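My questions all concern the structure below.
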Amino acid sequence: MAITVRFFASLRERMGCEQVVLDSQDIGTVAAAWERVAGDEALPANLLMAVNMEYAKADSVVRDGDEVAFFPPVTGGGHAC
Amino acid sequence: MAITVRFFASLRERMGCEQVVLDSQDIGTVAAAWERVAGDEALPANLLMAVNMEYAKADSVVRDGDEVAFFPPVTGGGHAC
Amino acid sequence: MLVEVRGGSFDPWRELADFQRRMTGEKRGKYGATSIFVGTMRDFNQGNDVRTMLLEHYPQMTEKHLHKIAIEAVARWDLRDVLIIHRVGKIAPDETIVLVAAWAAHRAAAFEAARYLIDELKLRAPFWKKECLPQGERWVSSE
Amino acid sequence: MLVEVRGGSFDPWRELADFQRRMTGEKRGKYGATSIFVGTMRDFNQGNDVRTMLLEHYPQMTEKHLHKIAIEAVARWDLRDVLIIHRVGKIAPDETIVLVAAWAAHRAAAFEAARYLIDELKLRAPFWKKECLPQGERWVSSE
């Protein structure tokens, strides 16, 4: 099994890719998944996280087959409304 | 000159007419106009009054040529919304 | 700005489309937020079936006060535009009674202004409703 | 209830007309109050001219959270119905970005529910906007 890590919006552009598939061994939390994909870069304070499309926190558990996502604050709705 | 007194909605039905034209002599206030059209009947507490299409009070001044109106509380807008 | 009392039925969505299409070049692209309220005739009220409703008004006084309310809202919330259409006469269930709309740069202003328009209309505009029930007619009293 | 993410442009008034026409007999005549909010693409933001906007989203997660928000609103305000349509992809000034609507028996519920729908959408639905300005592109940050 594996864990899929996805990036959106400005983070996607900065990471230079849409997703990374990680071997799930040794990955226990969202923070650990971030470390695997970002190396030395600390988890940005305002970054949002989701596990299987539900909002999650840095210490949320990640299991085999899960989809983890990182993205900047959301800006839906009307244009600056 | 004269003063026109108009009635609306349930009050119009109760008065049995839409309007009465009064000789303006001796009429100084809205209350006095009511007395002239309603006789002994006291001015109902929740009745609304207007002079020249602006909301008025019982002691508002009425002058020659004015249009005075009496009507029940308004019920515009959506249906019971 | 459009403030109108209508004797016949109207389609609120078509009115909105037409009104927005007529907005001048100056206004186009300048509003981010539109809040709309539509009041519709129901087929029940206070536990009774309602077949039709008769909406009476005080011609000219109605228009005068609707205009005042619209101008107050524009001044208070810096709106791009305002629309008020209110029906009078005989109305059937499912027909639109009132449409108000406020165009603003931001949603808080749009929502607050639309709420103000309908709340003030209900308080100050001289309209009266008479319901036709199976058991007869009755005037609707304000709560 | 209709919750949709749209890839192409849409006319909010036509959507409302179509949605209301499709309401079942059970709902027809049962709502007195509809509150609607429409968010429109502006041609300016933070002092800059904006030519086009690119709206990105997280497919499936978006729909999931919009549904949740709609269901929360229905439960909290006893709504007759709810509609949410949100645009994604490339958007031009004057085009509709979002449409939300709430049908209720009374206006307070309709207004509060529509406000809840758009406020929660902005907080929780995974959408991101990128503006194309004459001087280049920029991601819109939430205030």
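Think of it as A, B, C and D in the order they're written, each chain with its own count starting at 1.
Assume a residue touches a chain if its C-beta (ideal position, glycine included) is under 8 Å from a C-beta of that chain, and two chains touch if they have at least 3 such contacts.
Here the structure is a predicted model, which is why all the values come from computation and not from measurement.
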item: Joint neighbours of chain D and chain A, given as chain labels; value: C
item: Pair with more cross-chain C-beta pairs in contact, given B-D and B-C; value: B-C
item: Interchain centroid distance [CA atoms averaged], chain B/chain D, Å; value: 47
item: Distance from the mean Cα position of chain C to that of chain B, given in whole angstrom; value: 26
item: Separation of chain A from chain B, taking each centre as the mean of its C-alpha atoms, in whole Å; value: 70
item: In chain C, residues with contacts to at least two other chains; value: 32-33, 37-42, 105, 107, 110, 118
item: Numbers and ranges of chain B residues touching at least 2 other chains; value: 77-81
item: Chain contact graph, described as a line, ring, star, complete graph or other shape; value: other
item: Interchain contacts (touch definition) - all pairs; value: A-C, A-D, B-C, B-D, C-D
item: Chain B-facing residues of chain C, complex; value: 37-42, 45-46, 50, 53, 55-58, 60-61, 64-65, 86, 97-98, 118, 121-130, 139-142
item: Sites on chain A touched by chain C in the complex; value: 77-81
item: Of all residues in chain B, those that touch chain C in their complex; value: 6, 8-10, 48, 50, 53, 55, 69, 71-81
item: Parts of chain C lying in touch with chain D, wherever the complex brings them together; value: 11, 13-14, 16-17, 28-44, 93-94, 105, 107, 110-111, 114-115, 118
item: Residues on chain C engaged by chain A in the complex (per definition of touch); value: 32-33, 105-107, 110
